[in-house]
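So that you can tell them apart, the chains are marked A, B, C, D and E in the order they are listed, and the count of residues begins at 1 in each.
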Amino acid sequence: ARAQEVTTVFAAASLTNAFQDIGKLYREKTGKEVAFSFAASSALAKQLEAGAPAAIFASADTKWMDYTEGKDLTLKATRVTPIGNSLVLIMPADQAKPVTIDARFDWLTFLGADGRIATGLTDSVPAGIYAKAALTSLGQWDTVKARIVGAESVRAALALVERGEARAGIVYSTDAAIAKNVKVVATFPANSHPPVEYPFEIVKGQDTPATRAFFDFLVGTEARAVYARYGFVVK
Amino acid sequence: MIEIDIRLARPGGFSLAAAFSAPAAGVTALFGRSGAGKTTIIQAVAGVVRPDAGRIVVDGEVFFDQARGIDLPIEARRVGYVFQDARLFPHLSVDSNLRYGERRARATERPIRFEAVVDLLGIGHLLKRRPHTLSGGERQRVAIGRALLAQPRLLLMDEPLAALDEARKAEILPYLERLRDEVRLPILYVSHSIDEVVRLAALMVALADGRQIAAGPVAEVMANPELLPVIGRFDVGALLECTVARHDEAFALSDLTFPGGVLRVPQVGRPVGAAVRARVRARDVAIALSRPEEVSVSNLLSARIEAVRMQEGPYADIELSVGPSRLASMVTRESVARLRLAPGQAVWAMVKSVAVDSRRPESEPS
Amino acid sequence: MIEIDIRLARPGGFSLAAAFSAPAAGVTALFGRSGAGKTTIIQAVAGVVRPDAGRIVVDGEVFFDQARGIDLPIEARRVGYVFQDARLFPHLSVDSNLRYGERRARATERPIRFEAVVDLLGIGHLLKRRPHTLSGGERQRVAIGRALLAQPRLLLMDEPLAALDEARKAEILPYLERLRDEVRLPILYVSHSIDEVVRLAALMVALADGRQIAAGPVAEVMANPELLPVIGRFDVGALLECTVARHDEAFALSDLTFPGGVLRVPQVGRPVGAAVRARVRARDVAIALSRPEEVSVSNLLSARIEAVRMQEGPYADIELSVGPSRLASMVTRESVARLRLAPGQAVWAMVKSVAVDSRRPESEPS
Amino acid sequence: MLTPEEWIAVRLSLEVAFWATFWSLPFAVLVAWVLARLDFPGKGLLDGLIYLPLVLPKVVVGYLLLLTLGARGAIGQYLDAWFGIKLIFTTAGATVAAAVVSFPLTVNAIRLALEAVDRGLEVAARTLGASRLDVFFSVTLPLMLPGVLSGALLAIASALGEFGATITFVSNVEGQTRTIPLAIYSATHMPDGDAMALRLTVVSVVLALGALLLAGLVDRRIRVMIGRA
Amino acid sequence: MLTPEEWIAVRLSLEVAFWATFWSLPFAVLVAWVLARLDFPGKGLLDGLIYLPLVLPKVVVGYLLLLTLGARGAIGQYLDAWFGIKLIFTTAGATVAAAVVSFPLTVNAIRLALEAVDRGLEVAARTLGASRLDVFFSVTLPLMLPGVLSGALLAIASALGEFGATITFVSNVEGQTRTIPLAIYSATHMPDGDAMALRLTVVSVVLALGALLLAGLVDRRIRVMIGRA
């Protein structure tokens, strides 16, 4: 019942901080209610498919947005991609020393005898998917594949690095920014992987003025400031 | 009228076949050695065990009929079952255990009253207790009370008094007699005590290894030599059907006439003219060749020796006729030799009054 | 030597205080009405229930001593406990149940043998079966066997024979006697059957409501009028300490001398000169003013009336002396009046041979 | 101590745990009874079906719930059309998810207790005139209460910890479906989330210990009541 | 039918489920016995501790395992240094995660069965000369076997379905820790993963039904053996 009165936004879990701040700003400014559901983009997409009455879908990658579009669940015409992210290599703060990632980077020396790289699941968690793409395009995937450990979320990968269980991690710059005890030691070349983008769309049948109002707010200047504060690449 | 005709086999080799009928009121005793199949029969009547074949009819209602596919559910049979193990409900107080069946009973004309049962069984002080705090005998008494208060139309009692002391038994037995007679409650009764059986039962079914070796009036069945080891040598005896002739209030004695003579026994609680049954144990009957004078023995019956049977050990069984009635006497073989006892001889049978058990027989089997 | 001196209270108001000692070999009977505390005492000896105070010492080994803080664990006490409920292990076959204690027993000089026990109890055909397929009596027999085979140094038996038929009892009792005498196994024995008690026990402890009302040799305790309702009027009697004088092999009789006379009884299995005890029930003793001739009664003892006590109902108790020995006779009040029986009178006591139980007494209490 | 958001999550968790247990318990008792006392073809299948939510990753359970009970789901569409029951996004849905996930645990506990009830007592009750149903309520149920209680405790505990099925089925909506575990999940995606995650974890533990303590007291009472103390 | 990767996941799942059950069962029996038969201060705490893995989101459980048993963890560092046992990123670690998560379920089932064992029989065994330990193995354990079996089944089932704690503690390393649930999880997060998810779900269900069937047979045998059939 409540979903009718308030605008419900489906957002990828990695947008949690930013969207909550933006939601607060919006409430203060307009007095209107917005509700968020933060989960994996895939779960949200499936829920939309099952008829979940959300108004806006903010995905952490284009694949799932394409999926909902393909199922005619979200309005292609409304797609905006206001923010992106960059992929970085992190290490525990006490072992960190900057490196440069390119096609000649010697991962095995960098990792040592049994060092591991933690990242998201390389076939399902966006950060992991991008990491695999980047390493593949650098021609190094087969070398490091065995050293990759896939976590359930970027946060879990961060924890592994923070604890020193993994020697390094591949995460988003936004994640690295909020983590303690880790340092960014390199940024993956932007051309080594498809751009990390967060497409937003309005859900079919929910294109009401209220939805529009918040959707526009999400890409407005105030929102962009918030994105920037959390380390997103604002376009 | 209770008609039982059942066959059933248990895994492990035991098989049972029994067929007997019992009157609508009165006690029928099931008798036999341990493992003979007594409990199995009771269970079949209660509906706890399903016979392989046969039928069970109580008061015209078919409990079970294999041929017609009838098998009345346990609760519809309204039998009061006193289990060999007490089976009290552990989560209920003694009081609630007693009330369990009472609350579920149909209204009856002459309900068995709670207070009466509690008094009789001497469990008033236990009402608030839980079963696991009761002694073995206390548990059994509560189980008897619970079965009675369910206002059953048939009582199944599986060695109900085995765990009780003599005094308690002596109190409960007359009550069961009253139930039998006044409420006209038919009772199937398993007991190893021939005293209880003789006192309560009109009919007796004797079992051995699942076979029914005899069924009929108690006196007849008890005469069956196959039963001797079960009954025990010392409890064998004769039953005399008597009529109350006279009461001697001063000495608390009664005279009973039976075909062939008079027996003087401890006072029976029945009016003059009433029928009673007297049990005279063979071991309590002595034989004299001439009428003994000035002895404390009150009953001196003129008898004739019908048969003399030498037994194992020192024993000899003497069969006596007193008029048309029969008596049995157990003496030593030495006495037989000393007195030269022989069939046809006229003798005196000496029976102490105090040794005669007399009981009130209920309606006899048809 | 078994010394018991315990006090304990149960929630619900029951409290127990008992103090008695029993010889190192022999049977001590615990007697009393349902709920008197018999099982509780047995449990305390087994270590299943912990007394609030007191001590329990068996053969010099302290099982329990509240003052010294000793409480031997159950398994260290090596008591063979036959429970009022059989408590067979449901997951083991009868055979394995029997072997359970045997396998854990210490080596003893005269082990109780498996085959002997199985034969005695007639459970050979049940060995492969599971407890839940046994009848009530079969279960109890297996439980007895299991306790015996644990080669205990003390046997605790809580109404072990109540569920058994007379024939089976008659087989088991002599075996228990043999155990008592040959293995010199002390036994604490709870039974409602005074026959069993008299037959087996040297000592008797009578309890009422947790109080110990009497303890001592069976004959003395049984004379206690408080016990009459428990024992039952018909089982009262005298015990005579006798010596085997002569065997009459032809008639399978034995002559027993006792201070004051001779008793002729069914043959006892003891050599001439051996001590035996004979039980003469009051109800089996008749009185004659002159010596009766030509009667089957083999024992005519010249006696003197010591006391005449009128009882309720038709009964009168006559106390007789035969030389220095005492006998009791139960007659009707009418006979007292008819024969004008009075203290001081010289009479003849008539005792049928077949009515005398004689038993082999074991080492008497100290 | 806790932020208002956290309080909401705690309240919601309690609500979900309570109602999930409340609704699933009678069914669990019924199913346990059927499995323990009846024999029928297809019993094995039912047995298997009941264990499914345990065997499958909770995310899959949530997904299956979504497919069946979602607004467009096989059953869900009728729930909405006929009864106006909406599960997706709602506390009711979260309750369903928690109940389904805990169901095998509850059934198993109850079944074990039920199987330990002496059938001889049930027979005795029937000879005293009680119908099967009556016997169940007056004898069997009281005697298996410790198992029911244990089952309820398992249900509450697993409802308090349920995450995967809930977030997959009914998403993560504050005040509606964001129970403590989902709030912890969200917290881990916030810069200052560690403290919040820790607080909520502690709350979970305290709630569980509370439930356990309460269950312990109730259990003691039940055992005294049924004479097994 | 299944891809080689999927076969690896299936084999791994079976291994993990088997070893997790195998190792946790004796401890579960011990703990259940302690909880059911002993009384000591702090028993409530132990009881609570055992329920924790059930109450907490599995991800939190995994995180706590990481903190304690990781290579740098409070205990984990010594496991490595002293015994050379490495849990993180290994099948052994996945087994530990599965065992920890299923432990409360196993303990609970065993405990219920244990509490139903008639103490009178234990007393009888002791009068026959059996020590407490002997009694446990010769009387108590056989009589509670149905509960142990039921506990084992719960352990296997929950190990087969365990996801959150495993992935958080030991991550997803193919051939080491990538069990069926992890593979399914990945599949459900791929737009074209439905077919794979479905295949693996079916495999899970088949495995569970197989375990159940086997348990059913064993259970019947046990019941016949202990005379409760």
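Some observations on this one:
Quick note on the criterion: contacts are C-beta pairs under 8 Å (C-beta built on N, C-alpha and C of every residue); 3 or more make two chains touch, one makes a residue touch a chain.
Since this is a predicted model, take the numbers as computed values, not measurements.
Under the contact definition stated at the top, the chains bordering both chain C and chain D are B, E. Looking at the partners of chain A and chain E together, the chains they share are D.
When chain pairs are compared by their number of contacting C-beta pairs, B-C comes first. The most distant chain from chain C, with centres taken as the mean of CA atoms, is A.
Chain centres here are Cα means. That of chain B falls 26 Å from that of chain C.
Note: centroid distance chain C to chain E, computed from Cα atoms, is 57 Å.
Measuring from the averaged C-alpha position of chain B to that of chain E gives a distance of 60 Å. Computed centre separation for the pair chain D/chain E is 20 angstrom, with centres defined by C-alpha atoms. Contact with two or more other chains is made by residues 59, 63, 185, 228 of chain D.
In chain A, the residues that touch at least two other chains are 43, 46. Residue positions 85 of chain C are each in touch with at least two other chains. By the document's touch criterion, interfaces exist between A-D, A-E, B-C, B-D, C-E, D-E. Chain E meets chain D in the complex at residues 44, 47-48, 51-52, 54-60, 104-105, 108-109, 111-113, 115-116, 146-147, 150, 153-154, 157-158, 160-164, 180-181, 184-185, 188, 197, 201, 204-205, 207-209, 212-213, 216, 228. For chain C in complex with chain E, the residues that touch the partner chain are 46-48, 73-75, 77-81, 83, 85, 87, 89-91, 100-101, 104-105, 130-132, 146-147, 150. For chain E in complex with chain A, the touching residues are 59, 63, 66-67, 70-73, 88-89, 164, 167-168, 171-173, 182, 185-191, 193. Interface residues of chain A facing chain D in the complex, by the touch rule stated above, are 1-3, 8, 10, 13-14, 16-17, 20, 35-39, 43-44, 46-47, 49-54, 153, 155, 177-178, 180, 230.
Interface of chain C with chain B (complex): residues 10-12, 32-35, 38-39, 84-85, 129, 133-138, 141, 158-159, 162-168, 170, 192, 194, 229-232, 235, 248, 251-253, 264, 266-267, 283-284, 286-290, 292-298, 313-315, 329-335, 337, 339, 341, 350, 352-355.
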